[in-house]
Amino acid sequence: MFLERVSWRASKRRPRYMSDLLASLAFRTAMIAFVFNIAIALYGVLSRPSLVKKFLCLVAFTDSINIFAVFIGFRYTPGAYPSPPILEAIPTSPAEVETLINTSVDPLPQAMILTAIVIGIACSIFLLTLILMYYRHYGTTNIHEAEEGEEPHAEAL
Amino acid sequence: MQIDVLIIPYVVIIYSSLLSVFMTYLVVRERDLLIATILTLTQGVFYSLLYLLLMAPDLVLTYIPVSVGVTPLLLFLLVKKTERFER
Amino acid sequence: MNRKDIALALSLSLLVLALSLTISLEGLGPIVPRELRPLGASFVQNSYNPWNASLTSLSLNVVTAIVWDYRGLDTLYETLVLFASIAATLVVLRGYSELSGLGIKGLSDVSKSVTVVIAPLIVVYGIATAIHGHLTPGGGFQGGTIAVVAATLIIAVFSLEYLYRRGVSTSRLMLLRILGLLAIILTSLSLASIGMPSNVNAYILQNMAKDDSALSMPGVLFDTPLAGSIFLYNLFEFIIVFSGLTFAAMMLVLRESELESIKEAAEVYE
Amino acid sequence: MVVNLLPLVLGLTAVTVGAFFDVVSAIGILKLPNFFTRVHSVTIGAIGGSVLPLIGVALISIALEDLGPQRFYLVGTSIVGAIFILILAPTGAHSLARAAYTMCQAPRKPLIYDALENMKEGASCR
């Protein structure tokens, strides 16, 4: 029943190929899955006491948002699968560039997410060293224990 | 209705997105931080499969070394230097 | 489960509900459209288009063209963020620059001999990905991270001591990073600095010739598109990423007990 | 459609034999008693179950002449991937087993002959 409704909304008539129907189902499943990924990872960041676990969930959160942004740039071409935004051979006429426009996906979100991944790994390395210094200072990575705890180690590195 | 070759990428998109949700749930739930790091790595594998199917080969080439190589390695070192189990 | 957890769960479920509603009603426009958006279409059209010489960058890979030509300033600052984060790592860990006598044996002979075969292949693949970035999928950052995997493999299978004996020390990697960043900045300024004395219009971060400025980077080498400054930027970005991430891995791989002993030795020396 | 029959049959045979190895490896992971024997079974799955099918894919793509010169890229990629897996999978299994042995993380109960017993790294366990 769900399948019927989705396909009817997509094309107003019964689709001829199985792939048309599966495409709309796949796009909706993937979107809902990414939203749930974002929510679960955010729950981990907010609720878990261990700093390393917070870091792991932050990595998952960043990756989910990145893949969601790339997914917005994806494209549905009926009857064929879209191609990456890369010319396969050196074009000899302007018409060959026009054929790429008909089949390729949107390159702009990919370029921006490439930048985001680089900045993400840069921030990850800095956060890792901060967690390491926190452990050397307090002797634990659990934030609740560090709040209750006694004096920090005097001879911390 | 005809079944054609094009259903394969869409089936893989559904499969790997659902499994990535399961992996995120396991990462949040796992108490052993070493195993949680390995689960994050598995989630990275599913995400790189999704990047490949979303037609972003540049991002696949970036994401595989970052999420399967560099970040888990640094996290292993961090877990080894701090504590392994979360309380 | 206390009151805080319940409030957190409720707010997150509300977030999921709001995002799902926005998506299912398609309030953001169609999420997976059938047509290319106009901005993306113009990038695809102009990336390799010698018939429209004032907007092209002569790169077959559209993503690389956007990253290093159309949004080049963005990527320059991204490189600066990576540089700054590694520098901050050095500051926070209070750099132990040169180390000696780290008695790590490494893994078994089988792993060592296989690593000798595999690691150069990984580095070669990384360099090929970097310098082919304008023709095939790839680019400077991709190649750099692939090569970093080889460096971490050598650290794990041999030891840090082996890497030091081969001449890869943290201070040299630091120097390499600074030289790479300097080369990127010089490349971005080069056409403007050529144009200024000869009184020709040229812009900072310019790649190909524009309508009002005749200067351009080398575009074609023996029938192969070179994409001008994109090739150079990819090469220097490879150097920066490789040296920076290897530096971070080398800083984090030191053992805590050895750091303690080094610190004690430094106190005695003082 | 132009098809060379001999490489096609050989390639399909290789893929089928690879699937058989995969099934054997999966049964081994479920049924074998020990960590070290399970590592052995995983390595059987990696070598027989991915190197043989990759060589089979190379042979099949030689056979399909309709693909044009594009098929030689496929052949090269498959064979290079097969060689990499052939080198790396046994090394990974070796490192895993050796680490589990020296760190005393796996029980050594059904062990008949222990070659590492007299070495320094293996002696400290228990």
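A few points about this structure:
The chains carry the letters A, B, C and D, assigned in the order they are written, with residues numbered from 1 in each.
In the analysis below, a contact is a pair of C-beta atoms (placed from the backbone, for glycine too) under 8 Å apart; a residue touches a chain by one contact, two chains touch by 3 or more.
What you see is a predicted model; the values in this text were computed from it and never measured.
Of the two chain pairs examined here, B-C and A-C, the one linked by more C-beta pairs in contact is A-C.
In terms of their C-alpha centroids, the spacing between chain A and chain C amounts to 19 Å.
Inter-chain spacing, taken between the CA centroids of chain A and chain B, is 10 Å.
Averaged C-alpha coordinates give centres for chain B and chain D that are 23 Å from one another. Multi-chain contact residues of chain B, defined as those touching 2 or more other chains: 56-58, 62, 66, 70, 74, 78, 81. Looking at chain A, one finds that residues 36, 43, 71, 73-74, 84-86, 104-105, 110, 114, 118, 121, 125, 128, 132 touch two or more other chains.
Chain pairs recorded as touching, per the definition above, are A-B, A-C, B-C, C-D.
Only residues 84, 87-88, 91, 94-95, 98 of chain D touch chain C when the two sit together in their complex.
On the chain A side of its complex with chain C, the touching residues are 27-28, 31-32, 35-36, 38-39, 42-43, 46-47, 71-78, 84-87, 90-91, 94, 97-98, 100-101, 104-108, 110-112, 114-115, 118-119, 121-123, 125-126, 128-130, 132-133, 157.
Interface of chain B with chain A (complex): residues 1-4, 6-7, 9-11, 13-14, 17-18, 20-21, 24-25, 27-28, 33, 36-37, 40, 43-44, 47, 50-51, 54-59, 62-63, 66-67, 70-71, 74-75, 78-79, 81-83, 86-87.
By the touch criterion stated above, chain C contacts chain D in their complex at residues 107-108, 110-111, 114, 117-118.
Residues 56-58, 60-62, 65-66, 69-70, 73-74, 77-78, 81 of chain B are the ones that touch chain C when the two sit in their complex.
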